[in-house]
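After the structure tokens below, expect a handful of questions from me.
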Amino acid sequence: MPEMIKADVIIVGGGATGCGIARDLALRGISHCLVEKGDFASGATGACHGLLHSGGRYVVNDPEAAAECIAENMILRKIGQKCVERTGGLFVRLPGDSRNFRDRFLRSCDTVGIETEVLSASRALDLVPTLNPSIEEAIKVPDCSIDPFRLCMLNIVTSQKKGGTVLIHHKVRDIIREKGRCVGIRVQEDATDTVTEIRGKIIINAAGAWGDSVAKLAGNSVPMTLSKGSLVVTNHRLTNMVINRLRPPSDGDIIVPNEAVCLAGTTSIPVLDPDTLEIESREVDIVATEAEKMIPAFGTTRLIRTYAGVRPLLKADGANGRTISRGFRIIDHHDGMYSIMGGKLTTYRLMAEKMSDAVIRHFGMKTKCRTAEIPLEGQDQLSGYPLSKRLKKLENILCECELVSREDVERVVATVGTRHIGDIQHRTRLGMGPCQGGFCTYRALGVIQESGRIGPDESMKMLKEFLQRRFKGIRPALWGDQLREEQLVESIYLGILAMECEE
Amino acid sequence: MDSDFQHCIRCTICVENCPVFTVNPEFPGPKQAGPDTERFRCDDEKSIDTWIRLCSQCKRCEVSCPYGVSPADIILKEQLRYSETHFRPLTALLFARTHALGAVASLVTPLVNRAASLRLVKYILRLFGMSTYMPLPEYRFHTLDRSRRRKGKRKSPRKVVFFYGCYLNYNRPDIGRGIRDLLVSFGLRVVMPKQVCCGLPALGNSDFDKARRYALKNAAVLADYIDEGYDVIYACTSCGLTLTHDYPGILNVPEGKKIAENTYNLHEYILKLMDEEYLKLDFKPVRRRVAYHIPCHLRALGIGYPAALLFEKIPGLEQTILEDTCCGLAGSYGFKKKNSATAMELGKIAAAALQATAPNAIVADCGACRMQLQHFTRLPALDPSEILIESLRPKGEKP
Amino acid sequence: MNSGFYDIVVIGGGFSGLMAAITLADEGKRVAVVSRGNPVCCLSTGCIDVLSGHEDPIRGIAALPDEHPYHLAGEEATVRALGMFSDIMAGANLPYMGDVHENRTIFTPLGTQKTTCLVPRSMESAHDHGDDYFHVVSFRGIKDFYPSYIMSRHARAGSSVYDAGVSATSAIAERFEDKTFLRKFISWLKGLDIPAGSIAIPAVLGTRSAPLIFDEISREIQRRIFEIPTLPPSMPGQRLFSRLKNTFLARGGSLYWGRDIASVERLGDQIEAVTIASAGRPSRVQGKAFILATGSFVSGGLYATMDGVKETVFGLPTYLPDGRSTWFNDSFFVPGHAIEKSGIRVDSTFRPLHAGWSNLFVCGSILAFSEVMKYGCGHGLAIATGVAAATMCERQV
């Protein structure tokens, strides 16, 4: 007999939008159940720049979106004191970049309300010594950086505290319809294949790039354009501020400091299937080349990984992935299902607010949204910024690259379960440093095994799955030092540990 | 290959080769202290690495790194940064001034030497944070500063300046004079100019300003001599590393490059004179069986082991080269109480390795190594020049 | 004669370089080894993989592709070279066991079994542990060894944890060098009253005094006991390297360690000297012949740029199968990515092809088509090509 869960609202999708909605509903006292087929932020949320925009990137072409960004930026700084890094950002103008655009940029920022400061090249180089010394000038804006996984998980803390149910690694198998209305879903857990039935009054489809396939399960549809964006990760921080290019948005013109690395990107390539993403060498070359123009060290710096995500954009015929509005839309399918599509990480809270408002209206209630006022719960666990705060505790370290301790790993294993090493990785940053889990994966798995939770076959399976997934992300960055790293890691897992190879 | 830390692939070879890490669990090792934590450090933020001073700067990590990364350099910078915002213990203040300490102690030698062996004095020293597992080195009144400064044919085509360093100056001036006279016997003009401490103890005790002041003072003197056609010679390998690596490097001495390029290890220089056929030496037999302990800083110089090459020419001399262990004293490092357990442990290990070769004497180019190894092996520890002098017996000198 | 003038200068102090250097020193040659740092063999299991895919690794050489560098040495010479290696290690008090015609297995920290050929004595009995009771001894706090990995694969197994007071692999190994510690450990082990069977222990039984420590434990405990090599830092790898290096020193060799090569001096078709980027001023090391044994990518003998591969000392032409997008397979678990074929191609005298140097020889994993991971032949190839290249080089000098 499948288990049955009952809740007022079912949320499909554990990205920033879904988690944000869960928190909002929790604060408004609405019972809910969130399901996610992977781990939190396994879609676009976890594959973006981790940038909380000041809005500067949209201010010239889409001032409404920019206005939303700056407002949300200010809110998120307040409610996420310890998880938002106030790096600030620079829009750098290189020789040849349009002065006209620069003037429009400043005017638009002024109109929209984005605080700017024009810096001379030497002042900009004082702030970020690795900048290209031949920049003409830079405009300072209030960009911030955030770890998107952490953001999702902090939102979920509230949801769970208020009785919300959260099922990760559960994929929607079908949507149950009765008398023309969506009344529930059935989800299947990926490891055990257990099926659980969840009944609710409203189903919110916040599945991002998979939104259309989820909608179709109910006989609905959400027309989308899927656009892949690839990014690269550097070995260490080359800048402590977000660096943008002062020109109309294009490929590879953002570099974001995130934890102990930099994320640079992105590209925009139309795709059809969000589940099979390949990062091409040329994408890596494009990103590295463009980033090099702003920070010359990018030409020789070590890249430790690449990743790609799919932007779930509302379909607009004839438009390319970049000019489609980054705004979001809520679709009422008039059968108990809503879909919320589009948007960006920076405005997740606003999207969640609007969606929750719609839910509240649906129930005929009047409860107001409080997510902008109440600080995110769970931040006391974080060491916060600046990064050097992580150096406080150096005991019993399992992941030496990212300073993750055995206690950290055991805590995650105890709360989340042990099906995927990726879960530990997202929550602790284990394996996200230069060696990309070369040593610590074995150690973390050892800790899990010691706890008696898994047997040898399962642990071997987990290890293989992790190493394979990891390799996929590293492969496009394999030259120079990272190629050396990979040869070393290969000699550990295939040599010293004698893991079985395919023939 | 630049020593850019991004080349570090976490292979752990440096960790395997770090003597402090092997015996002191409080030190997280060169990989962690260097490339790992470097990714998190921020110049604008206070350093909080309370263990950073546990690194003895032996440089074994950089010598063993397959790619030439120098965790030691990264750690040194962080030691200096840490000390900007943290109280430096009395011992650090004291040892940064090895030069002044020596100058004072050598004035009142009989008193100092006798007092240093008294139980009460040792107790007081321990209160102040010094370690007393080993007797303090004896000081001499007749320092090299007070010895004849110029010797040898005035018109000699080969002129050298001898940078003798604090240990030879204040503690073993006899060895220093022996080296001076040996070089004179080669027909060289030898000058022992006014000099101060090379600056390494100050650098190692996180007093960058003092280190630089000493360096600038020495550099001014040495540069002048170099301009007049002199070559600079050192015998102490730690002084040598400081002159050739740190003067042009972290201490940023304006004439640093010139000094580095014209400074030679004593034995390297003797070999050079022989290669250029300026010198033809008649090595007489020395019937000794020596265990040659290679000082960590000699390895770090990357010049090979020139004294060992000279020893090969001495009939009857049996030498075994041992380069796998750090003696543990590491200059002033082992004289601090907080490092004494580490220093003692490493000293015993190094001594055991040497003793396993059944030598009747130890040889080491570094005064600190000699002190430490003599203490733990109970065998005489000689400077390589002493063996050379025995073999060459410059005119007038008795064997 | 110039003090910096050697008969042969070996560049790269790794396994193949040291084997070549020892071979030549034994022939009475004046040999220098120049090395930027410690070699990759320090990190290995310390065992000699000759050719892991075949039961008889020597026979298996014949089945390798024509380009494989084992063919440059040949089966007979490989057997002789392996014998030479065994003699060296016996002389260095770290004897290696095994039959070059029969592969054997050791245990891994993952509980899997690894095929290898020659093993140090402390790993000899890993091969015949059978279905007996299996006991894993570990140490409190050790990060790179988890008994459950190994126990979970055996029907009858147990484990015990000893508090060594320290938890890092190399720190525990250093503790074992202390006689008092060893005695305490042995009496603890005896007190466990382990049933008849095998005892597995991570490879921390000393460094300088290995295998005497293992021997003493074996004698006292009267059980089949073997070490399991750990993730780096690897004590067996370290032991192997340091014995080889010290053997070279003891045979009169000279070492120039820890610095990069600054430049190469050439005259006609001969390499005259290399200069080392020593402190202050480059040091010149001259030789009649040179052997390049700088290894593959990890050690930096080869370097991969975004679109090619370089040999980093002499700029020799390197073989590269194709462009960057073909270097690696899609799967991590396919042995033998295309990039591993990359390296220096040599003629039958081990001289690099298309380079025109008459006194330069190449050996070890820098050789093209080595494919060490794919064939499981790392150390065996190092020994075979090191000795063979040295022999060729000797004829030159």
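As written, the chains take the letters A, B and C, and residue 1 is the first residue of each chain.
Quick note on the criterion: contacts are C-beta pairs under 8 Å (C-beta built on N, C-alpha and C of every residue); 3 or more make two chains touch, one makes a residue touch a chain.
Here the structure is a predicted model, which means the values were calculated and not measured.
Q: Could you work out which chain's C-alpha centre is the most distant one from the centre of chain A?
A: Farthest chain from chain A, going by C-alpha centroids: B.
Q: In terms of C-beta pairs in contact, which of A-B and B-C ranks higher?
A: Comparing A-B with B-C, the pair joined by more C-beta contacts is B-C.
Q: What whole-number Å value describes the gap between the mean CA coordinates of chain A and chain C?
A: Distance between chain centres, rounded to whole Å: 43 Å.
Q: Centroid from C-alpha atoms only, then distance chain A to chain B, rounded to Å. What do you get?
A: For chain A versus chain B, the centre distance works out to 53 Å.
Q: Chain B to chain C: how many Å between their CA centres?
A: The answer is 33 Å.
Q: Would you pick out the residues of chain A that each touch at least 2 other chains?
A: As it turns out, chain A has residues touching two or more other chains at 439, 484, 488.
Q: What are the residue numbers in chain B that touch two or more other chains?
A: Correct list: 9, 11, 67.
Q: Residues of chain C that contact two or more other chains, please.
A: Chain C, residues with two or more chain partners: 40, 43, 232, 234, 298, 300.
Q: Residues of chain C touching chain B in their complex?
A: Listed in rising order, the residues of chain C that touch chain B are 2-4, 32, 36-40, 42-43, 166-168, 170-171, 174, 177, 208, 232-234, 238, 242, 246, 249-250, 252, 254-260, 276-281, 283, 285, 298-300.
Q: Can you list the residues on chain B that touch chain C in the complex?
A: 1, 9, 11-13, 15-17, 21-23, 25, 29, 62-68, 240-241, 243-245, 260-263, 271-272, 274-275, 299-306, 308-309, 312, 320-321, 323-324, 349, 353
Q: Can you name the residues of chain A that touch chain B in the complex?
A: 235-237, 240, 260-261, 301-302, 386-388, 390-392, 394, 397, 400-401, 403, 433-435, 438-439, 481, 484-485, 488
Q: Which of the residues in chain C come into contact with chain A in the complex?
A: Checking each residue of chain C against chain A gives 40, 43-45, 108-115, 141, 143-146, 148-149, 152-153, 229-232, 234, 296-298, 300, 303-306, 324-325, 327-328, 330-335, 339, 373, 378.
Q: Please give the residue numbers of chain A that touch chain C in the complex, ascending.
A: Checking each residue of chain A against chain C gives 280-281, 285, 396, 398, 406, 439, 442-443, 446-447, 449-450, 452, 455-456, 459-460, 464, 467-468, 470-472, 475, 478-480, 483-484, 487-488, 490-502.
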